[in-house]
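Structure incoming, see below.
Lettered A, B, C, D, E and F in written order, each chain numbered from 1.
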């Protein structure tokens, strides 16, 4: 059979949605979203383990794996309202970053070219390069803006002697022209990386990076609204890349390069929901979940919910639902 | 000896308070609060372990087990100012939910009938059914309102082929008439459960459920104030049921069905204190602490503090203390 | 669809073998072995968590889930040489031991009646009652001997007010006549349970229990050989029940009632292989794997290998292979 | 060789800064900051392990140990802009609190007398006594105010029969006159300790303690601004003592006496940065990191970042940088 | 009340045996064995945590805390057949080794002088000095031989500038004359400590140390038999000191200075049983259990069983039972 | 500076031995053994994490990092008696297996060419290819025999589309002619890999593989003696490759592909000591220690001791010491 299935473990799908195989277009005809696993951790600069991320994100939930997840607040059931399929994992050998990137880019492009939104489950952040490139190849280089949640800018040049790794994808994306630097929005940066010369390069690209100090001072919602304006200016779609380390290590310990002082899980979930509800998301990835460093599966559960909030926001957007966050859950009260 | 003591482990009491035995009324005459352990985890739909909850909540504290806990902010010592006794655990075989529920209901009713407030340490949330029923049998069916902190509505109908389990107690309580649906206040719901038909049933009962989106938008204090108004309308007392999973998994990993995006520990403690300070609480339970999934005992410590905040609030209320949250800790400054 | 699938988690099969559904006999026609999951932990007297045992045993392996496991020493590939199918889990609500037992007994009997060997993945040891009863109903009460690896005799009478639990199945099996007491062989007992009156009852039934002191003194192989002689005397088949706590907690920490001083993993694997190679095994279960207490999955991996050693031994027996344990792995040297 | 190096483990320095030896003044001539390890946990009243704190704080970082840490928001590189040296650990035998305290006080005084700021890595909070005393001996008794972040007041009198331990240093400091009670600012207190008589003693000293209720009600920034005013009134410098348990256990589980309901990591980092940017800090310690209770090193990483935020704030202050927290990270946008 | 109770946690006794208070002789009149907790970890040279050892050893068991433990193999119930009492913990401040040692020596001597066998639960191995001294003061200096199970010789001279710590008690005992060097038997030594000069000192004292190489080559039983001969030669009693790190870290990870390549748990339990069955044990301690480093409580469970094997051996010895290790568990088979 | 130092963490050396830099021959002139770190985990087929192996093996010890380790049984101090230096880590980017292998081979060859024995600390087993090749390039292709301790044969052909990975080095070594198949001795194989076609290839190479069944049946010492004979036949030296998963997961949980039923830690240590004492070892590596899966550092401690036993055996061999394993530790008794 053509389907590769999960690389590390049994052949399951995200919460029980139907399967598809990327080399058999009939299996994903008409799909709204196709989930792709990217079990690669060869590009991390510190703690590995994200190769088990796709498996963990797919299965970490206390509810039945029945392909249905009705969203309390939005009143949609994304897994039912949208046609969401799971293509399994792309074979990605962690010892060969270049071959792995190429294989993933082809898979993502295949999904995008079929008119579906690729939702890529990482893996370390190396994969943002093939993820966004694969999407841009379909929608047009420079036509997709980036909303990037992360503690780190990921704009390094050469690390460990390589152009490819989890600290460099955003630079490669801008260099290649796949994405425009002035439509690159970063949320949640903090800490002690990158060094000034890299920040200068970023400034030259006209990137807009919201460090946690600014977010704390101005408010996350204000920053997001501003970023949305930039993202929608002369772009056709948005790529959302969520590095789970944007959250504080207390909320997301299971990751490779945890940086204290991040967003709360609630803030991340609200932001992702709002983005997918308000913006035309054409691709997304969720990265840097490292199960060996997780506790009681709380990081994997968070990543699973990031995926569901994104899908639920997209479902509500497609159905044209309006949402009043201050409204009551139940009618009549 | 009649006293059963803790079911799993040595015979200890909550932080060293005095013991009582429910089959010997003389031992709890004049009690203000009687603690009852409910070491039952047969009703959970996912990760078990709450059978060790009563033991963990009783003993998780770095201070001596001396039956004294002076509250910094409220300036009461609940364990001294109130007569707080510990009746040990009710024997609850996790393999027999119906017998276990019946035994617990009798124990709780015995406490309530003696004029004391039962404080039940779970165990999974299955026990809210016997807890609130036992209280309602004494105070009158429909005369007690419910303040329910939880990520989940717990209003399921039949699960795993049974009417009884940790996802269903709130439905059973309303169906039996023990509690009124329109005096049922839920705080902290979120995620992807229950499905729409259950939400419709809840709306029909005129329940009022504050989902995290509403709480985030309107503010927790505003929501609580509104809920207090409903709770006090034509009811004689309040039952407070705290599922520790109302908190974010980062603050409470040691639980069975963790749902990302919850309250902070600080928010929960402040809410519980305020409820017991402002409302006539006649019964309470603290549930879903699962020590095998805890880390460094942080979830057990949180539940221990929920109990102490509740007791301290009750003590301050009985002594008619007013409390200015903006005031300084020490006099003179 | 009729298939229930795993109760807790995604629908996977043991290492990728084919599925079957017990309510559809065509799906398991011609099966040699049918795997049944028994995710029940309502009967444990201490640490729960074995409800996740079937899931953990099915998936804990670093090799691909491809339905093939060539055995180095025996030179068989049990998953290929035998027709091994996985029927998924029986629905077992941990809050209702009696209903759960009845459901499992039917499932096991269905398998046995179809001419296949049931391999039941627990769950706590409560399930040995329905497992061996289901087998005995097909092969005849009293016609199947028992080889029971455990730290505990599991011959308690009434515990927690119930006849059913993980400390009592062996007594129930003998009382009902399903198994003969004098064909009941126990390996690995130790510690401080049961009390003398239970030992007296066991002696009256003519059970043969090899405590670790005897095993250490006489040698495990000698004891096994002696036990095999008893097991084969006027019985048609053998049921093998492996409680993973027969191993030392150092080798199997992920269990509910660990008793120091047990077998090594190597000893257990060798014993299981020898039993399935030398005796006519007609049913087996592997119980008491509790993933929340495991570390680095070593207990789940051990249980997975117990299953594979058993299947490999059975495959070699069916193919009439002889095996020289002292022989070299590779030919020619 | 004179240098003692780390007491528990290999001889490393904080993130690779240069070494110095306290008995060789030439090695620390011209230093701005000298790091001193205080691997002592003999004074804790509950969970030990802080002896491994200095090692963990020095090495917990995913970035290279290259003695450079450019601060994203402040645009300084404290380890380069300041002359920061690491003197290794003071030999502190946990079984002898009095000798250990004396040795540490000498070391800290040596650093202060050399004109450098001592940054002491604990160790349990016992060490605040020698830390602040050593600084006050140089700057003058009563001339240094204290900013103390902690869940606990640490003003106990005699505990376990001793005057010295982690619950008592603040009392000893005021009693000796090293610090003035009315220039003692405490942030983050909460819970059930100390008892009223100790609070009365604290009020008599005119200490100012911000309990979490007041902080939640008035806002942390408001409280800090008020505290800064007191701290600067007729004092020449500030000692900053950070007990990592001021943070919520969700953000800092790896500590000895965790008290639920604390600050978030973000709040602590912002506060420390602001203090070192706005106030003349002359000494500081970071205490109560207990690696055996940590998970995925998140508490050690937080403490490492507390040190870096403090150093970065000091570096920016020395360079006279102004900082607009609402400003963008990158120029031009 | 005079009774101190456990220093860290609720006031429990070893598996539910009756309490006594050392300052009230009436409470322990006629005792055969008195358990004393020594929650001291100030003397460890590496990982602390043994202060929680007494609590862990007392309560780690999956069986009810009912003061009864019938031994399967020996057919005694030591907690019933002997009068075993628990005196709680001696107050031992880890920051003051000298005061702590003195307090413990008095407690142990009090027990011995009352005619009971002291069973001391550590705590780090520092306590062997007061334990054996307290016993020797009653039975006579030089009249008690030592059987010492350990990976380390614990014969260091001065460490961390102190005469007292967990690596030195055996030297102090011989120097003081409490114990004779030529009646000092050590079992299980291995690794890379102590250095040659210490080994020379040991040889000069005519100590007999069985390193693991010798044990592996000659057999543990042979070595024990030889050691018994020496121990009984011109001595009146035996002190048994069991450092749990004599076992391999796989069997006992929860300890401070784990040395790979040790005994199995089974070997230790058999040895302890045999010693207490065959020799006149007049005192014993079980040390170096460090719960923060344990997993799934396996080390604490092992130490609990070491205590029970010792007590059971003593009970059988007092009742004059003979024991055939090769005999069957149940009569009649 | 030329020295690369450890890739992940501070710049430490193995237990404090002196440093050297491979690009500066003067720094390792006259070395007996040069330690090289190989922090590569890009080649593992399952759980990663061995990139932290070199750091963990270097520092996991409870004794001071003083460059001295007197061996109790052998009475040598390898770190003093031999000139042992640590060259730090070779830069090995896990995302690029081919470049990493090439860099390591050069480093190992440099050491061997300088007349020293390379001791390589892995890293996953991929590194055996460059390790043994680097040695063979100096001593001559086909002139070095291999003693390989492992659960797995590591003779796979192509995996994940690559010739290089942790399951294939032994095949590559034989194919290249670096090592002779008929001088390839494997100890400890077990489980379900490799498949028959690979076993046939191995037989064709005349490899000799001792599976655990044979070892259990014939005895480890007998097998080793036989293997030594083969190894010394027409070869000039021996390469020792120790995969820590040769031990049972109970003794070595911190590894990537744990296979139940392995050697005990004691067996491995004795074997390694004997090999280095009796055979002319010219190179060795210790691989597959994965700290994220370790508990209480027991696997890292075991690997550290494997290194020390090897070094101690080599030191004793060079000094011509004879060793009687049955002899007493101390003279005179």
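Quick note on the criterion: a residue touches a chain if its C-beta (ideal position, glycine included) is under 8 Å from a C-beta of that chain, and two chains touch if they have at least 3 such contacts.
Note that this is a predicted model, so its numbers are computed, not measured.
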Chain labels contacting chain A and also chain D: B, F
Angle (degrees, nearest 5) of the CA superposition of chain D onto chain E: 180
Chain pair, B-C or C-F, that carries the greater number of C-beta contacts: C-F
Chain centre separation in whole Å, for chain B relative to chain A (CA means): 38
Chain B and chain E: spacing of chain centres that average the CA atoms, whole Å: 43
Averaged-CA centre spacing for the pair chain F and chain B, given as whole angstrom: 56
Touching two or more other chains - residue numbers and ranges from chain D: 46-47, 248, 250-251, 264, 293, 295
Chain contact graph, described as a line, ring, star, complete graph or other shape: other
Touch relationships between chains, expressed as pairs: A-B, A-C, A-D, A-F, B-C, B-D, B-E, C-E, C-F, D-E, D-F, E-F
Parts of chain E lying in touch with chain F, wherever the complex brings them together: 45-47, 189-196, 199, 202-203, 206-214, 216-218, 248-251, 253-254, 256-262, 264, 293-295
Touching residues on chain C, where the partner in the complex is chain B: 8, 41-44, 46-49, 51-52, 91, 93-99, 126, 160-162, 164-165, 292-293
Chain E-facing residues of chain F, complex: 62-63, 68-73, 75, 248, 250-252, 264-266, 269-270, 295-298, 301-302, 305, 308, 325-333
Residue numbers on chain A that touch chain C, as the complex places them: 9-13, 16, 58-59, 65
